[in-house]
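Handing you a structure now.
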Amino acid sequence: MLEAVGVSKHFGGMRAVDDVSFRIERGQIVGLIGPNGAGKTTMFDLLAGAQRPSAGSILIDGVRVEREAAHRRLARGLGRTFQIPRPFAEMTVIENVLLAAPRQAGERLLWTWFRPGQVAREERENLDRARALLDFLNLSALAGEPARTLSGGQRKLLELARVLMAEPSAILLDEPTAGVNRTLRGEILARIAEINRRGVTILIVEHDMEVIARLCPRVIVMAQGRILREGAPAAIAADREVVEAYLGGAPA
Amino acid sequence: MIDLLGYAAFFLTTALTYAILCLGLNLQWGMTGLFNVGVAGFAAVGAYVSALLTTPEIAGRLGGFDLPIALGWIAGAAAAGLCALLVGAITLRLRADYLAITTFGIAVAIDLFALNAQSITGGPFGIGFIPRPFIAWAGRPLLFNGAHLLLTGGVALILFWALERAGRSPWGRVLRAIREDETAALALGKSARAYRLQAFALGGAVMGLAGAIQAHYIGFISPLNYVSALTFLVWTMLIVGGSGNNAGAVVGAVGVWGLWSASGYLLNTLLASQYQARGSSLQIVIIGVVLAVILVLRPRGLLGERRIVSRHLEETGAP
Amino acid sequence: MSAFALEVADLWAGYEPDLPILRGASIRAAAGEIVVLLGPNGAGKSTLVKAIAGLVAISAGRTSLDGAEITHLPAHLMVRHGLAYVPQTDNVFVAMTVDENLRLAAFAGAGAERRARTESVYALFSELAAQRRRPAGHLSGGQRQMLAIGRALMVRPRVLILDEPSAGLSPRLVETVFAKLAEIRAGGIAILLVEQNARAALAIGDRAYVLVEGRERHEGPAASLWHDPEVARLYLGGLAAGDSESTP
Amino acid sequence: MNLQYLADGLLLGSTIGLGAIGLTITYSILRFANFTHGDMISWGAYFALTVAGLLGGIVAGAAVPLAPFSFGWTVVVATLIAMALTGLLALALDQLLFRRLRRRGSAIAMVIASFGASLALRSLLEFVFTPQPTYFSTELQFAVPIARGLRLTPDQIAVLGLTLVLFVACHLWLTRSQIGRAMRATSENPSLARVVGIDVDRVVRITWLLGGSLACASGVMTGLVVQIRPYMGFDLLLALFAAAILGGIGSVPGAVLGGLIVGLAESLGVWAGAADYREAISFLVLIAILLVRPTGLFGSRAR
C-alpha cells in the first residue's frame, strides 16, 4: 500500500537518499534503521510529504503522491508522528487530540455563531472518539491536565492519539520511544502492536534496536542514502557489514 | 443620591466602551498572540467614519451624510476591520516585534491624518455635533445616562457572547494552538495565516465599534482622544484583567478605569492648584507603574486564562 | 591529587527535571590523551559534554578539572578554569572575521602574548592564515571546524572537548582535522572527542567509552575496540536480544 | 528639489541616524523592540538642560556662548554628565523591570513593558517640566552660506560633525575593543558567546549603559537644532525604528545610512508639499522595507 520507486533526494552535491525502492503491504509493520546520516530521516520526510524527492515516485494505494503536500497525503490516509513531540503545552490533553480532527465545521468562524447545532453535534462526536483514544492509550486520567505536565513518554502517547484522531490507514512513526523510560516504553510498544493488529500499516524509524526487534518481522537498513540490507532482525544483527556501517565511515 | 447614580451610570458606560476595546484586543493578543500597539488608531477609524456618516452637513468638510447612528456604528466597525485586514495582510507574516512597530506606525499615521486632513476630519478642531442616542432625554441626566448604560451594556453583552462563542469553539481552539506553536498547528493542517487574519480583522472591527460608540456617547471627537495613552490604557486593562479571558478583559477595563478616575480625583484634591493641569501626566505614570508591577508579579492578570478552551467540553462535564 | 585532567563522576543531567538523559555517567581523561566517546544515537553523548561545559543543568554527580570541582560553574567561566568546548554546530561567529573570532577568546592574555597565540593557531591551521580578514561565514565547513578548534586553543586549555568535529565533512577533511588533534595532544592537552564516526576516531584515540542510555557501558583501549564484539552488541545487540522476547 | 531641502534632509537624517545607532545596538543584543529608547532621548536632553542650568548657576560666566555656537561650556560639560545619568537610568530600568522579565524568557512581555514604561517616563517628564518646549539657549543664530542656495547655522554644522564623530567612535568601539567584539558576538549567538567565555550578563549591562548615553547625545543634538519637549524622543521613535530596520538590526553603518535615507525621504516629502505628514513618511519607508527586505540593507541574519 505504501511504495517507494527509485526515490532520490539531492542537497547540492550530496545524495541524502539515493535510488531507494521498497514496498510495504497493507497491514505490515516494518522497521527502518541505519547509522546517523544514513538518510532515514530524509526518506521519512519524503514519504510524509515534508520534502519533495529529486527523482522517483511514492505511491499510496497505487496512486502517485510525490508532488502532494503533507496534509493531502494525510487525507489519503497516511499519518505521521514527530521525533520530538510538539504538544500544545498550555492546552489540555484532550483538546490536543480534538484539534487533530480534520475538517471541523466549528473551525469556521461564522458557523460557530450561525450553525451552533451542527458545531455542537460534531464536537460531541469528536469528543467521544477522543475519549476512546485516550482510553486506549491509557491517558484518560490526564485528559484535563495541560499537556506541559506530561512526561516524555506520555507525550509520545499523546502524539499517537493525535495521529490516530485523523483515522489514518498507514502511520509513519519517527522514533516512537526516544527518551522514554523503560516501563512506558513497553506500553508504547504494546499500543503500536495493537494499532497494527487493527489493520493499520506502520513504518517505524528507530535507533533502539530492541524496539525494532520486538515489533518488526521485517527490517530495512539504510546506509549512506542507499538500502544496505533487508530482512529479519536476527539476520541483520549478525551481519558484519551492517555492524561496520554503524561504527562509522564507508564500508571497507 | 440621584447625582451619584447618574455618575455611576456615566462611569460604567465609559468603562464599558473601554471593555469593548479590551475585548477586541483580547481577541488579537490574548487569544491569537498578535501584538497590536495601534489600538487607538483602529478606534479612531471607527469613530471618524461613524461621525462622518452621521453628522449633519457642514461647509468646508467632507461628509455630513446625516445617516442613522446604527448605520454609522456598523460602517465604523467595518472600516476599522477592513483597515486591520489590510495591515494584517502585510504584516502578520513578520516577527511579533515587527508587528508591534508596524501597528505603532499605523496609529501614528492615522493620528497624523486626523490632525491634518482638515477637510475630512476637521483637523485639530475635530468633529462636533455628532448625534447622540437618546438626546431627547439630555435634560434628565439619570435617564440619559441610564439609557446609554443599557445600550452600551447591551452591545457589550452581545459582543461578549459572540466572542465567547467563537473563542470557545473549535475555531478558538485553533487560534490558541497557533498562538502556542505555529509549526505544530501547520502540521495538523491548520492554516495559521488565514486564522490570524480573521482574528486580527475581527478584533480591529470590534475596536472600531468601540470607537464609534464612544464618539456618539460624547458627541465630539478630536485627534487628542486617540493618542498612544489610549492604547496604553487598554493594554493595561487587558494585562491587569488577564489576557486570554474575555471576562478578564471586562473586569480589567472596569477596574483600571476606576483606578484611573480615582487617581484623577485624588490628584486633583492633593495637588496644589498650580500643578493641577499637569495631574493627568501623573495619572499615566501611576497606571504605568501598575502595568509594570502586574507584569512582574502576576503576569497572568487577575483572572488568568481558562485552561479548557472548548465550551462543549465543559457542558459535557469533566473530560 | 587526581592524575586525571578531566574527571566526571556519576553524572545525572537532562533538559527537563523529570527526564534525565544522563543516568550516572562516569568518564576520565588524562593529560596528553585523546578519549573517544562513542554510542548509538540518543545515548546522551552531546548532553554529557554540554553538561560538563556548564550548558545543561546537572542534578547530581561531580565534574572536576585537575581535581578542582567545576560542577556548577557558569558556562562562561569554564575557559578561565582551563576547559574549552567546541559545539557541534553554529560554532563560529559568522558575521565576524577569522581574526576577530580568535581574538574573542577573552582570557588569551594581552598584546604580545595574544599575538603569539594567534600566530601559533595560524601555524597549526595554515589554511586559516590566508583568510584571517574574511568573515567566518565565508569559510568552508572544514575551515569553520578548524577555526572553532583554533579559538578553543587560544585560551591554552588543559582539557579540550569536541562534539562531532567530523559532522558534515568529507572523509579526506576528517583525516586532516583528526591529524591536527593528534598534534594538539602532543602539547599535553586532554582531548574528549564525541564521535559518530567511530572508525576515524578510534584510529587516533587512545581510549574509548561506549555510552548507552545515559551511562558508560564499555571502556577500553581505542585500538582494540574496533573489533570488540561487545561494541557491536551495544550498537545492534537489541536486534538479536529483543527478537526472542517478541516471538509469541 | 533644491540644495536647502537636501541639507535639511541630511541634518534631520543625521539626528535620526544618531538616535538609531543606539537603538540598533541595543535591539540586536537585548533582542526586543525597546520603546523606551525614544524617552531616553527626551530624558537625556532634560538631564543635560538641568545640569547645564545648575552649572551656569555655580560657575559664573560658563554659560557664555562659545562663538560662533549658541551654547556655552556648560552645555558641553552637562552633556557628558547627562550621558552618564541617562545610561544609569536605562540600567536602573533594566534592573527594576526588564531583567525580571528576561529571566522568564518572554521577549514579548518585554515589549509590552517597554511600551508602558515609555509612556510613564514621558508623562513624568511632562509633569516635571510641562509640555512647553524649551531651549538650551535663546541666542539667535544666523545661518551662514555654505554653497549657493545652502545655508546652515554653526549649531547645525556642529550636530553634523558630532554625528560623524559618534558614528566613528561607535564603529571603532564595536570592531576594535574587546568588549565591543563581545557585544557583537553576543548579538550574533548568545549561547556560543557563553561558551567562548563571554559574561553575557555583563554585556547586557554595558549595552544598556551605552544605549542610554547614545540616546542622550541624540537628545542634546535634537534639542540644539530643534527644541526640547517631553515628546521629542517619542515623536522620533518611528523614524528610529525605520532607520534601524532599514539598515539591518545590529549594523551601525546601516543605522546611519538608514537614518540619512529616512531623513532625506522626509525632506523630499516636505518639498513635495506633504510637510504635515512627515512622520508618516518614515512609516511608508518602514512598510516598504518590511515588504521587500525585512533583514535590512546590511542585515544578513533572518531574525
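The first chain written gets the first letter, and so on, giving A, B, C and D; residue counts start at 1 in each chain.
FYI, a contact is a pair of C-beta atoms (placed from the backbone, for glycine too) under 8 Å apart; a residue touches a chain by one contact, two chains touch by 3 or more.
Nothing here was measured: the structure is a model prediction, and the numbers come from that model.
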Q. If we look at subunit B and subunit C, which chains touch each of them?
A. A, D
(Q) Let me check something: if the centre of a chain is the mean of its CA atoms, which chain is farthest from subunit B? (A) C
Q: State the pair with the higher C-beta contact count; candidates are B-D and C-D.
A: B-D
Q) For subunit A and subunit D, what's the span in angstrom between their mean Cα positions? A) 53
Q. Hey, how far is the Cα centre of subunit B from the one of subunit D, in Å?
A. 32
Q.
As a quick test, compute the distance in whole Å between the mean CA positions of subunit A and subunit B.
A. 45
Q | Those chain pairs that satisfy the touch definition | A | A-B, A-C, B-D, C-D
Q. Considering the complex alone, what residue numbers of subunit B touch subunit D?
A. 33, 35, 37, 90-91, 94-98, 100-102, 104-106, 108-109, 112-113, 115-116, 228-229, 232, 235-236, 239, 275, 278, 281-285, 287-289, 291-292, 295-296, 299
**Q.** Residue numbers on subunit D that touch subunit C, as the complex places them
**A.** 175, 178, 181-182, 184-185, 188-189, 191-200, 300-301
(Q) Can you tell me which positions in subunit C touch subunit D when the two form their complex? (A) 53-55, 74-80, 85, 87, 90-91, 93-96, 100, 103-107, 137, 151, 155
Q. Which bits of subunit A are touching subunit B when the two form their complex?
A. 70-71, 74, 82, 86-92, 94-95, 98-100, 102, 104-109, 112-113, 116, 119-120, 123-124, 127, 131, 143-144, 146, 162
Q: Within their complex, state which residues of subunit D touch subunit B.
A: 32-33, 35, 96-97, 100-101, 104, 106-109, 111-113, 115-117, 119-121, 123-124, 126-127, 130, 234, 237-238, 241-242, 245, 276-277, 279-280, 282-283, 286-287, 290-291, 294, 303
